[in-house]
Amino acid sequence: METHAAKRVEIIIEAVMEGRLRDALLSAGVTGLTVLPVLGGAGSSGVWSREGQIGRAGMVAVVCIVRPERVDPLLEAAFSVVERHIGVICITDCEVLRAERF
Amino acid sequence: METHAAKRVEIIIEAVMEGRLRDALLSAGVTGLTVLPVLGGAGSSGVWSREGQIGRAGMVAVVCIVRPERVDPLLEAAFSVVERHIGVICITDCEVLRAERF
Amino acid sequence: METHAAKRVEIIIEAVMEGRLRDALLSAGVTGLTVLPVLGGAGSSGVWSREGQIGRAGMVAVVCIVRPERVDPLLEAAFSVVERHIGVICITDCEVLRAERF
Amino acid sequence: GFGAAMARSDLSVPEAAAKAMSLYLLFAIGFKGGVGVAEAGAGGQLVAALLAGTVLSAATPFLAFVILLRISTLSRIDAAAVAAHYGSISVVTFVAGTTALTAAGIAYEGFMVAVAAAMEAPAILAALWLVGKREGDGADLWRDVFLNGSIVLLVGSFGIGWVTGPSGLDQISPFIVAPFAGVLCIFLLDMGLVAGRGFRDAGAALTWPVLGFGIAMPLIGASCGLAAATAIGLSTGGAALMAILAGSASYIAVPAAMRVALPEANPSISLTMSLGVTFPFNLTLGVPLYIAAAATIGG
Amino acid sequence: GFGAAMARSDLSVPEAAAKAMSLYLLFAIGFKGGVGVAEAGAGGQLVAALLAGTVLSAATPFLAFVILLRISTLSRIDAAAVAAHYGSISVVTFVAGTTALTAAGIAYEGFMVAVAAAMEAPAILAALWLVGKREGDGADLWRDVFLNGSIVLLVGSFGIGWVTGPSGLDQISPFIVAPFAGVLCIFLLDMGLVAGRGFRDAGAALTWPVLGFGIAMPLIGASCGLAAATAIGLSTGGAALMAILAGSASYIAVPAAMRVALPEANPSISLTMSLGVTFPFNLTLGVPLYIAAAATIGG
Amino acid sequence: GFGAAMARSDLSVPEAAAKAMSLYLLFAIGFKGGVGVAEAGAGGQLVAALLAGTVLSAATPFLAFVILLRISTLSRIDAAAVAAHYGSISVVTFVAGTTALTAAGIAYEGFMVAVAAAMEAPAILAALWLVGKREGDGADLWRDVFLNGSIVLLVGSFGIGWVTGPSGLDQISPFIVAPFAGVLCIFLLDMGLVAGRGFRDAGAALTWPVLGFGIAMPLIGASCGLAAATAIGLSTGGAALMAILAGSASYIAVPAAMRVALPEANPSISLTMSLGVTFPFNLTLGVPLYIAAAATIGG
């Protein structure tokens, strides 16, 4: 089937920042995004796990698929939110169907 | 270690369609797939979140790793299920160990 | 924005092995990792689903972003844990911001 | 509850807890219904009531569809999806109705639980027929709908209650009876939050005629329900429940079925109407009104 | 329950709610056991019963392993994994047994809860020994097993109950005693669903001899349990519980340990046998039978 | 609980169940408080108590900040974050305090629930002011904090209880009153586990002065609380609760707010102190001490 080049941006960020990140991405012209739950992790700030947590603790993974030319504004928007916070941003080349949607 | 080229196909789809998509993929010769939960998202049909939902609402992410030559039948199978529904399909190049499994 | 080449390694593994895998990866010099929940899947050992399970059943997806030169030790560490178990390892090229973190 | 949701509070019952509460309510109401039948016997009225419920559920969507096409600018697909919701029923409204009847000291037939189960699905068939959908993965869809948790659980616990009878109720009554009102109360609060959120999301589709339909349709449905109940000679409580069932709109089973069978329909329109307009209307004004009407007719 | 699951219904209690219920049951049964010991005292019988339980748990896998290799075509690894399940215990079967005893007015020793905790792990060691696994990440595995929720919670709540005694029970009895039967009932229904699903998945491995083993082994185990209980002089209720423990098969702790220590074993074989065959057999026929046998011997 | 957690047991209540329990506790305590006000009336004392609580919550962080900078090597940011936790309150400690008062037969003002709600947020403002944070996404942060589940639910259920009064309590008391002690007990056990885990994770940051602060600060806070309560003439029970509120430290609302507003602060320091040191101290020694002190002053 016919596919089109795109970029898949994955942002792992604290759950409390999810709303702010979503708003920033949508303002940066992103047409859609998906939020996945995270169970736990490890990093420079130690090992953590969701088990037994209460409140909106922990992190989420935000996946955002965009046309290649929209990656830069997206990264800038994401970075402005994530900058002072722990978390990871990772960009992968990908292909999509129905390119008109992105 | 020795790795082999493969494709990683990620399909974000409504949870009610999960069973149908799984059956379609397995019929298309896919050897395995993994289903991840989705907490929320945004797209042309608005912003939604799993919080406080009841019933099998929301979406799931189906990840399927296949040999490159099997991508086309996979996409056709997936597309026939997803076509009329909201959702996203994204294909990434990847490498796998134990190629005989795919 | 300035990005740096890296590798995204995704390991789908039984939940009971999560702790052992994490320890092995951290010993192999990985600086961070993220664990995502898995709802269900299909593979050579059949179709399974988390619904109605009790105990630490099921699988998890461990995502680990590393510098390219650290991939080989990572894979060896991961493989030593996963070898006898069911599961999948998939490596993707990616780009990251803030390379000094990886 | 509503105000909080409008301001996007973070106060949501976790999905798992909400599901557990809804399973509890279904189990408890089904069980109590079964015990009621074991005590009072069922007879031919059960069959008549089941039949009446099925017909109501299948006929209401036609009425709703015609009204919607006339008063609103909804597409045929959207109108059919909304119509399916109004033909089917809301178990929580039903549960609230039984609680109100018990509080008012009005008895009702235990088998109304079975009628509720019977009314969930026919509306879906009717709505699909309206837009000419008969082909496709029909069997699959039916499995989805019939084995949907709520129908199986209602019928199953009804059966268990019928078999074990009052002695079974005695044994598990600390679990079934005592916490019931509390769980229902929390569940309704949570539904209020979810409903409030829906409003926020679906803004534009909510024209005045559509809002009006969300209040008029339950009244129309309830009237048909009352008429049917009178025709088959149900008690006052049973007639009130039949009115409540016919006047309520689904927000779990039908939305899921519509996503599968009519994916082109916009889910937020029907969900906002059924959960955001009709559900609160029924809980606050509808249920007392239907009970009063049934009492007037019955008395 | 079973029928619904076979037809793939969507009626599953959310994982979190199932886990919460199982924690509740473990806590309640442990607490009540501790209160029982505080009231009646424990003495040397506690030690004798713990010892007997440990020996039973460690010895049963050898028996089960030999039988399985003889009657079935299972590999040594699969046979050892199944054997570990049958040496260990099912807490839910134990809880159902105590409920049945209470309903029948038969008293039992409160410390049987501690015996249940003691019987969870030895079978795992025995099974690993059978297939020559002694090296490797042993310490890790033991931490996994011993600090597995159920052992800690049983022993912990048993200790709390022992310390606080009857006065503690009075205070939290609305929480511990009243909803107990209801939660157990829902939990068993849910287990039935899960068990039914297992059947669907593991089809081929279920040969007739294997199915037969799933029914014969609990009888053999329960007989050993009865003999041991008689030898150390437990009451009728205590002997029935020892039989139930010895005759039941694990479906939570052992499966997880086997995935870690014997990943080559096919988990659906042992899980289907323990959860799909032995568990329902014990609940329906086994428990009454063991109680009757204990009453005959004891009386 | 603690020992188990230190050894990394797998015994954790699922997140959804923990959240459901905390919603239940908030709802029940808010409702009972509202009923109390409906019975006894509120008057000007309510306003005075709300004001006193707000001032305490806003002032305590200044004190805590100064002490921390003097006795520890924490950065200004970390010290401010810790200070915010100690200015705010722990609802669970409050709930445990009301339970202890009820057990001791000491009455308290129902409106203390509203005071608890009022004391959650001001400390956050004070702490941000301390490190010169006034710009940025202020409005957003306030919405996060004020519409945080616990404040809305406490105030909401307080209002519902006030409106429905004792008759409402009668109706849902099997749900609100009976299981309360049990749910609280399980929730506290689970909190113990989580607290124990925190200890394991934050090892290095826990110097002796910091540990000492975690015990001294609640005593200082509680003293201020007692003084304020005496000044406005609360009853013995009310004064004890005011001391408990002032002496307790937040571990849900404030940590989340600090992650948003002061992401540079190390969350494990403040969480370990509030959840791992102060929370268990208050539950075991603090609450009885504050009650005794209030009784001495009040009597």
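Order of writing sets the labels: A, B, C, D, E and F. Residues in every chain begin at 1.
By definition in this document, a residue touches a chain if its C-beta (ideal position, glycine included) is under 8 Å from a C-beta of that chain, and two chains touch if they have at least 3 such contacts.
Just so it is clear, the model here is predicted, and its values are computed rather than measured.
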Chains touching both subunit D and subunit F: E
Chains contacting each of subunit B and subunit D, listed by label: none
Chain pair with the higher count of C-beta pairs in contact (A-B, A-F): A-B
Taking each chain's C-alpha mean as its centre, the one farthest from subunit A: E
Distance between chain centroids, defined by C-alpha means - subunit E, subunit F (Å): 41
Centre-of-Cα separation between subunit F and subunit B, whole angstrom: 45
Length of the line joining the C-alpha centres of subunit A and subunit C, rounded to whole Å: 18
Sequence positions of subunit C contacting 2 or more other chains: 36-37, 47, 56, 92-93
Set of subunit F residues in contact with two or more other chains: 10, 12-17, 19-20, 144, 178-179
Interchain contacts, given as pairs of chains that touch: A-B, A-C, A-F, B-C, B-D, C-E, D-E, D-F, E-F
Interfacial residue positions of subunit E with respect to subunit D in the complex: 1, 4, 7-17, 20, 178-179, 181-183, 185-186
Interfacial residue positions of subunit B with respect to subunit D in the complex: 14, 16-17, 20, 45-48, 50-57, 84-86
Partner subunit F, residues of subunit E touching it in the complex: 14-17, 19-20, 23-24, 27, 143-144, 147-149, 152-153, 156, 171-172, 174-176, 178-179
Subunit E residues within the subunit C interface of the complex: 12-13, 15, 18-19, 22, 137, 140, 144, 190, 193-194, 197, 201, 252-253, 255-256, 259-260, 263-264, 266, 268
Subunit A - residues contacting subunit C, complex: 10, 12, 36-44, 47, 49, 59, 61, 72, 75-76, 79, 88-93
